[in-house]
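Labels A, B, C, D, E and F are assigned to the chains in the order they are written; within every chain, residues are numbered from 1.
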Amino acid sequence: MSDTTFIHGDRIELRPLEEGDIPHLVEAENHPEIRRHISSFRTPLSESTYREERWPPSDNGVTLAIVPKDEADSDKAIGSASVGNIQQPDGYGNFSIWLHPDAWGNGYALEAGAFLLDHAFRSHRLHRISATVAASNGASRRLCERLGFVEEGAARESWYLDDKHVDAVHYGLLEREWEGPASVLD
Amino acid sequence: MSDTTFIHGDRIELRPLEEGDIPHLVEAENHPEIRRHISSFRTPLSESTYREERWPPSDNGVTLAIVPKDEADSDKAIGSASVGNIQQPDGYGNFSIWLHPDAWGNGYALEAGAFLLDHAFRSHRLHRISATVAASNGASRRLCERLGFVEEGAARESWYLDDKHVDAVHYGLLEREWEGPASVLD
Amino acid sequence: MSDTTFIHGDRIELRPLEEGDIPHLVEAENHPEIRRHISSFRTPLSESTYREERWPPSDNGVTLAIVPKDEADSDKAIGSASVGNIQQPDGYGNFSIWLHPDAWGNGYALEAGAFLLDHAFRSHRLHRISATVAASNGASRRLCERLGFVEEGAARESWYLDDKHVDAVHYGLLEREWEGPASVLD
Amino acid sequence: MSDTTFIHGDRIELRPLEEGDIPHLVEAENHPEIRRHISSFRTPLSESTYREERWPPSDNGVTLAIVPKDEADSDKAIGSASVGNIQQPDGYGNFSIWLHPDAWGNGYALEAGAFLLDHAFRSHRLHRISATVAASNGASRRLCERLGFVEEGAARESWYLDDKHVDAVHYGLLEREWEGPASVLD
Amino acid sequence: MSDTTFIHGDRIELRPLEEGDIPHLVEAENHPEIRRHISSFRTPLSESTYREERWPPSDNGVTLAIVPKDEADSDKAIGSASVGNIQQPDGYGNFSIWLHPDAWGNGYALEAGAFLLDHAFRSHRLHRISATVAASNGASRRLCERLGFVEEGAARESWYLDDKHVDAVHYGLLEREWEGPASVLD
Amino acid sequence: MSDTTFIHGDRIELRPLEEGDIPHLVEAENHPEIRRHISSFRTPLSESTYREERWPPSDNGVTLAIVPKDEADSDKAIGSASVGNIQQPDGYGNFSIWLHPDAWGNGYALEAGAFLLDHAFRSHRLHRISATVAASNGASRRLCERLGFVEEGAARESWYLDDKHVDAVHYGLLEREWEGPASVLD
């Protein structure tokens, strides 16, 4: 496989999704630890459905696979990060990220998020990046806060997750508030 | 034209949009007083484009034309109201409404909104209805508040309107907070 | 308009639906007295949508417009009756009927139902015809009973109507139980 | 093949159907012990037809392959379970399940059914789940009863099976009646 | 016809193109005084071709018909103006305008251009608007200069017009250079 | 692979793009050193997207892969060069070229450019070839100058690259100014 790396981080690389990533993407969406915070993952996802309905990914935004550098012989994606639903001329985009639970606890999400946000602001002339997280999803909320997102309110009881309605917490980060990856990673 | 009235109010009737309404809908979207608060109306809309791209309206929700009762011989729509983007099983929908500026100041929007919200909660088993309004749009914000919506925060500088970025104010109304049209209209 | 009468009753005629009937069909589906017992009518229906999505009617069954004979100069449909979802070789079909509220109280539904059931059993080798009615719909339940349907149970809380779940009452009529229109109409 | 497990049970796992399952699915539908209770399986089914007409499976519901855990090296599906025909906003779904006859007698169906019902109620905000079983199908009727379904009546002589008409027995289970998998499996 | 005016000027109105404008648009493209400066108009244009290939107009930009106010009973377009080929996130657009020769000499183009440029900068968050004019087209060059465009160079001998190659003069106007319609029209 | 060489240079060969080149093309577009001067490369490109949306290449022009002769056993493309957007009868085309950064510094681009320009003038009756380069892209600007292009101006602040707007420098080369590859390469 050729080297399609788009962004070189310190411990991870970010490259476009390729068809060979589909099994990993499907495995993660079905994983109980992933889907319990994301209401749109309530229906089981098969590789066939993924190929038929979601491939290739829409190009209205930036979606990148996250690959750790120290897994030297492998190109295996452990997650993906995106700034999607880009609205121009508003300069608006929506940030989301997930890692396979086996890769949690290494700081990969923070690094991937920091480099992706920097790219999105610098290359796509975004004025603001939003993120929406279930109130029950502590890990994702801490990640947003470490990346510098400002909590702006919550849409009360918006999502039905595990037999109850939960709040959707809204975050926002303005271009003038973003100080670059170093401010987050150091 | 047959009587396709869906909801009978006191001073207005609500009926499905018909092709004959397109000229009024287009006129209103192009009207400077309407589009100055709605970033998606920044591109001029022609009747041809409306017919080609938006007709018939998507049926993922409830969209109704607003017709005053006292214009006896006429079936002319003066605006439209909708609860769209319905998400199930979450029980989530999004409220929006507009009136032609010539019809402002008569309380039509309040009555149309009250009857539509009541229908949406009672017939579509919604748990929550959202609304999003530009911070600069005082009339729509007052309408949401009179209908009982709770202000839940603002996505800072989300929309580009008239040479600057403005906040998008988020409102929410839960099924258990809704007490029926009479509580609003009396 | 040519005379396309399919079944001649005593006080009504049954003929195929024509495009000219669409305004009446749409008006009736939107009528609050009709839709309050039928959960699938919860979304407003426009003539445009009817033409685009439902016309021409599917031919897996028998659907007929109901026209009163005494409205001499008119061919106006006041309702429709069908035996649909025919399953062969099981010999199974599903009966449904509605009349515009202005035509209620004249016995038209009973006569239309009797002639249609007779036709369906005699021409389609049906072994059984089913009907399902909201428990709250007294008029339709009485009609089924006068036509000879046997109540066979209720699917508890199946439909969401006007802010609560209601039972769906199941009826069945076997070919050997059907004794012809005269036994019902006399 | 990646691990796409959606639900981890005690003795079985539930995962989405994949194309590799088609031969097993076709074998089962053609098996005399399966099809003798299901009228819609009366026509011989080929793999080609399955691929052409039924693949990928519709996503209006939850369909999962049943895989025993103790067949260590294998990912072979021994059956499938689904809650399909989901109707929203009614909160209505239809339960069905089958196992290959070679896997009968191990309690796999009970466990698969219990975990699937739990998921469907908790994630899809269902108010009621229905099941319909031929009166002659003792094993499936006992399964429904052990899962807590209430018998609500029978549509007399609805299906033509093995030279005679048999009753279709209707079952229903309400969300408030469901007490979780443990109440069934212990 | 309904009033679809998008921008109200002093002596002209700007509204979306409608199908009824096609004969005027075709007449103008074929007019010797128009096409002698525009190399892409060298092929005769029929109304049929226009309807087939160019209608409805692409919506990647802002295109408006120019209608004089003093032709009281008429809605006849005398020309059109557009900011097209909008590139985001660059914030780049391309200005063009034409009037039927019968309407020249009244200052309509200057007014239409000023209001359109203002709208494009204010509503589409453009950073720069370009224009390209044949060196031989004195009237259009003077118009660009009165609107505040800066001449930035010429692509030598780019277009073949009337038996010789002519230069294409490039103009640019930055958002920070634009001071509003009044600065141009007073 | 058969020898599809189209133009034989001294140190390179130019041949049509083949599907086997896609991984190299994708790798190069994602390479930070390539994309930092080209605003249209701001979105990550996957091989799947390339195959779906850009393959086969449009044939409105001349696009050739650049292959060094001294990599004897290989047919690997190290870049591509094109004269595209050919406009006839104006005799106008647009030149562009890129090399993978690993191949920079060998004079390959100069040789490829010289042979391609010669072919385009001689075979396509071009009157003029244009090139547009970001002001910040010193290497490409020097290449254009060595090939004989005349700098004709700059479209100020046209492209958004790495958090700021940069000028797009316009170059032009007329058929009568082109003296053949030898004049450039000697």
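One rule holds in what follows: a residue touches a chain if its C-beta (ideal position, glycine included) is under 8 Å from a C-beta of that chain, and two chains touch if they have at least 3 such contacts.
Just so it is clear, the structure is predicted and the values come from calculations on it, not from any experiment.
S.K.: What chains do subunit A and subunit C have as common neighbours?
M.R.: B, D
S.K.: Among the chains, which is located farthest from subunit C on the basis of C-alpha centroids?
M.R.: So the farthest one, by centre of C-alpha atoms, is F.
S.K.: Quick one: which chain's Cα centre is the longest way from subunit D's?
M.R.: Greatest centre separation from subunit D goes to chain E.
S.K.: Between subunit A and subunit F, what is the separation of their C-alpha centroids in Å?
M.R.: That gives a centre separation of 35 Å.
S.K.: When the C-alpha atoms of subunit C and subunit F are each averaged to a single point, how far apart are the two points in Å?
M.R.: 70
S.K.: So the centre of each chain is just the mean of its C-alpha atoms; given that, what is the distance between subunit D and subunit F in Å?
M.R.: 59
S.K.: At what distance in angstrom does the C-alpha mean of subunit E lie from that of subunit D?
M.R.: 64
S.K.: On subunit A, where are the residues touching two or more other chains?
M.R.: If we look for residues of subunit A contacting two or more partner chains, we find 42, 89-91, 123-125, 160.
S.K.: Among line, ring, star, complete and other, which best matches the way these chains touch?
M.R.: Contact pattern: none of line, ring, star or complete.
S.K.: So which chains end up touching which?
M.R.: A-B, A-D, A-E, A-F, B-C, B-D, B-E, C-D, E-F
S.K.: Could you list, by residue number, the parts of subunit B that touch subunit E in their complex?
M.R.: Interface residues on subunit B, with respect to subunit E: 23-24, 26-27, 30, 32, 42-49, 52, 160-163.
S.K.: Quick check: in the complex, which residue numbers of subunit D touch subunit B?
M.R.: Listed in rising order, the residues of subunit D that touch subunit B are 88-91, 123-126.
S.K.: Can you list the subunit F residues touching subunit E in their complex?
M.R.: Touching subunit E: residues 39, 42, 89-92, 127-128, 130, 150, 152-160, 165, 170, 172, 174 of subunit F.
S.K.: If you look only at subunit E, which of its residues touch subunit B in the complex?
M.R.: Answer in residue numbers: 1-8, 14-19, 55-57, 59, 61-64, 121-125.
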